[in-house]
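Two complexes follow with chain A in common, the first pairing it with chain B and the second with chain C.
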Partner chain A sequence: MSLYMKFMGIHLKGAMQYKISYLLTMLGQFLVSFNVFLGILFMFDRFHEVKSYRFSEVLLCYSIVLFSFSFAEMFMRGFDAFASTIGNGEFDRILLRPRNIILLVVSSKIDFTRFGRMIQAVIILIYGIRKSELVWGPARILTLLLMIAGGVVIFGCLFLVYASICFFTLEGLEFMNILTDGAREYGRYPFDVYGKAVMRFCTYLVPYTLFQYYPFQYLIGRTDRLYYLLYPLIGCLFMIPCLVLWRFGVRHYQSTGS
Partner chain B sequence: MKHDKYKDNNLRQYLSFFRMRFIAGLQYRAAALSGISTQFAWGVLGLLLYKAFYETDPNAFPMTFQALASYLWLQQAFLSLFMAWILENEIFQTITSGGIAYELCRPIDLYGMWFVRSMANRLSKAVLRCMPILIFAAFLPSPYGIGLPPDPIAGLGFLLTLVLGFLVVVAFCMLVYISTFFTYSPTGIRMVAISVVEFLSGGVIPLPFLPDKLRWLVELLPFASMQNVPLRVYSGDISGMDILAKAGLQLFWVVALIWLGQSITRVALKRVVVQGG
Partner chain C sequence: MIEVKHISKTFRVSRRSAGFSEAFKALFHRQYECIKALDDISFTIEDGEMVGYIGPNGAGKSSTIKVLSGILTPDQGQCNIDGRVPWKNRIEHVRDIGVVFGQRSQLWWDVPVIDSFELLRDIYRIAARTYKDNLEELVTLLNLEDIIRTPARQLSLGQRMRCEIAASLLHSPKILFLDEPTIGLDAVSKLAVREFILQRNKTHKTTVILTTHDMQDIESLTKRIILIGKGKILMDGSLEEIRKQVETSGQNADELSIDEIVASLYHKYQIS
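After this line comes the complex of A and B, so read on.
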């Protein structure tokens, strides 16, 4: 962990060399998710509710998904550039070092511009919580924390899967974006809005609903089933196949030789 | 600059630039396939979301559901014509790395060359991607798929406004490229520009969904002359004389943005500093 902090410090210093560009990029990041926020706002201005979810509820859902995505992204996006890490032989160097491989890949590229999205996620989360008109007892707070933690784990796993696929294809696959960026974009509404087929996909293939839909039902008081708040923990089992795939990929790795 | 001497050759030069870039773009078929499947998923999810809103309150829906479905599918099909985030890294690198010096040695107008180049890049992507998506969307059941335009005028109007909208996008993106001359690091401006365009052009939600108070203002901006017009003309959401009015506004923005871009380029080139090499 201390090693990770050290890597982080180095990246931060590097980014600070270009202050204006850095600030503008943060602003840009901020605007990107602000667009989504405006989109939700204007849609509810017109329709007032969707599938009986109110504005404040969708906002809370969006903020939770956005927060867990941004959190996972900030630490795991090193995998985003993984195709080039393999392509330019950087990965050979990483394999030679006596540390955890995942840690080294992750810390080879830490993108602070994503702080913009992170800050916004925090603001929207606070706004969402305040607007939610819910009574925040210990069970609710625990649910919220578990949802966020579950979301971070699942998004993190998806970034890992993305990188693992690079072992075999040597290039990033655009369709993975639908699982990460797409889930962030469309996960702003609880998944049952999209109908049964999407719900099934998002439960059994990639367990988004386990940290989003089910605990969210408990969070906004639609159900009394307290055990829904433990669903994000079940969702964390998603880690197992992802790590197996990653291991398999590392074992299969053949250097590109350059 | 010796540009003027070579004016008669210009058209041919532009054409060959266009062809080079177009053919290069057609090479990335695997990437296109992967992109198409992503866009299918994106389109379907978007449609399901609007369906949920439609079922909640059909009266609040500002256009027919069929018009919205056509809008969403055309948006996916012609994504590369209209999305501001499709910018060419090579042009940015040319400016920041000093390769610009070579470009300036060529006896051809820089603005025109880059303009044609961006057009070709976007068109080649669109050619690869649009047909599978349109065919898929055509086979979807009635309100969810894409129908034919309601009358021939809508069809012709669509083609006309499509071309004009495309030119507005390219002309706007030229401004983003040119701004690099002044900032050295394009990432920031680029991201801000992209997100502003995204929202104000109807990329996040179609412009009819905006509150009416805001909408009339947004409709006048150059961003509303991009995908907003052709995508709505197609399904008859904009019809009759409105098509001509919108097309006129588009034409105005094409001319204005190109004029602005060229003037800024002239200023920029006077003070361009090539850093080493």
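After this line comes the complex of A and C, so read on.
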């Protein structure tokens, strides 16, 4: 972790070398984020209820998914640009460092303009919690924290899968974005509103429902099943196949000519 | 000690002819060709040795360096470096080696070189005392005082190369891999780099493995030369032995420059 902070320092120093570019990007990101934020507000202004979920419930659900996504995205940024990391031979250098490869990839690209999005996610989360009309006891708070943690892990795993695929195709695959950005967009509603087929896909293939739908039912008081709050931890098992795929990719790394 | 036994590595390269229709066909049916980058490579290098590794472009020099430094996993064969297998014990292994790629920078582009050095200190967990001593020594020998506070992107190639070499020696590695360290340098910088490498080998007993196309590098630095072509090791011997080889093929080696000797070697083995 301390090494990650050191890397952050060097990226920050680098970013400060191009002050104007940095400020403009930050401004752009902020405007885009603000735009999205307004869009969400207008949308919720029109539709008050979807499949028996109330406005406040959907808002809470969305804010949790958005927050975990933004958090994962901010730290896993290095995987997003992994195709170019492999393409320009930077990955060779990473393999020459005596540290964990995943940590080094993640710290190789840190994009501070993403802070804008993170701030937006925090605002919506606070707004969602205040609007939720729920009594926040310890069990609820724990559920919320586990949902966020589970979401971060699962989105993080998807970024890792995305990067692992780059070892074989040398290009990122756009379809992976359906699983990441798509899940962020569709995840604003608890997944049962999309019907059984989607529920199955989102449980057994990519375990979104384990950090979203199931614990959320407990969170908003639709069920008394306390054990639902542990489902995000089961979702974390998704890490195992992802890490196996990653290791397989590293072993098959071909490097680039020089 | 570096022991390499029967290492092979094959790459799959996709091939197609030029033209749009060919590109379209390749979308559905791609033809692959297997290229043997390394074909049954074996050699042994003792501690403190300096070895020149030569061969034409695409012969497998960089691939060998990448296998030895743990970047690539070979298809077959064994490699043992001071008791470690590079691609299996990656972390322990890379702590003990330094690698300079002449064509690629390891410095962080936008920050002063000293910041890169400090980050490397943290990555390698170099003790404060050792770091200070090593930095002092490297700065003096490579004459870095004036450039260490400049961002890497504003350095000239020669200045940058000196910083690259310093960066790969901060953690006092036992083995140093240099992949074309003098490429594109002017005469003064080349001489400075060569002089430094010689010194380093003498004072620290660092094993140096050097790939280059510059035969003056080889002449002034190494006693032993390994010649590789099309993935195979063709020769392993001293410069003198190479001269003799050329003489047996009917040319008078004394009259030839080292570049001509190597060219005739490439010609002899039909690898150019």
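Note that in this section the second predicted complex is superposed on the first by the 225 of 258 C-alpha atoms of A that agree within 3 Å, B and C clash if a C-alpha of one lies under 4 Å from a C-alpha of the other, contacts with A are read in each partner's own complex, and residues count from 1 in each chain.
Methods note: a residue touches a chain if its C-beta (ideal position, glycine included) is under 8 Å from a C-beta of that chain, and two chains touch if they have at least 3 such contacts.
All of these numbers come straight from a predicted model, not from anything done at the bench.
J.: Tell me which partner A:Leu38 touches in the superposition: chain B (first), chain C (second), both or neither.
T.: A:Leu38: touches chain B, not chain C.
J.: Determine, for the superposed model, which of the two partners chain B and chain C contacts more residues of chain A.
T.: After superposition, B is the partner touching more of chain A.
J.: Looking at the overlay, does A:Leu142 come into contact with chain B only (first), chain C only (second), both, or neither?
T.: neither
J.: Should A:Leu3 be classified as contacting the first partner (chain B), the second (chain C), both, or neither?
T.: Second partner only, chain C.
J.: Regarding the shared-chain residue A:Ile234, is it in contact with chain B (first), chain C (second), both, or neither?
T.: Neither chain B nor chain C is touched by A:Ile234.
J.: Considering only touches as defined above, state whether A:Asp92 meets chain B (first), chain C (second), both or neither.
T.: A:Asp92 contacts chain C only, not chain B.
J.: Could you give the residue numbers on chain A that contact chain B in one complex and chain C in the other?
T.: 18
J.: For chain A, which residues are in contact with chain C within the complex?
T.: Against chain C, the touching part of chain A is residues 2-3, 6-7, 10, 13-15, 17-18, 89, 92-93, 95-99, 251-255, 257-258.
J.: For chain B, which residues are in contact with chain A within the complex?
T.: Listed in rising order, the residues of chain B that touch chain A are 31, 34-35, 37-38, 41-42, 45, 48-49, 51-53, 55-57, 60, 62, 183, 185, 187-192, 194-196, 198-199, 204-205, 209-211.
J.: Please give the residue numbers of chain A that touch chain B in the complex, ascending.
T.: Against chain B, the touching part of chain A is residues 18, 20-25, 27-29, 31-32, 34-36, 38-39, 42-43, 45-52, 113, 173-175, 177-178, 182, 186, 189, 193-195, 198.
J.: Which part of chain C faces chain A closely enough to touch in the complex?
T.: Of all residues in chain C, those touching chain A are 11, 58, 62-63, 66, 69-73, 87, 90-92, 94-95, 97, 99, 101, 103-104, 106, 108-111, 115-116, 119, 122-125, 151, 179-180.
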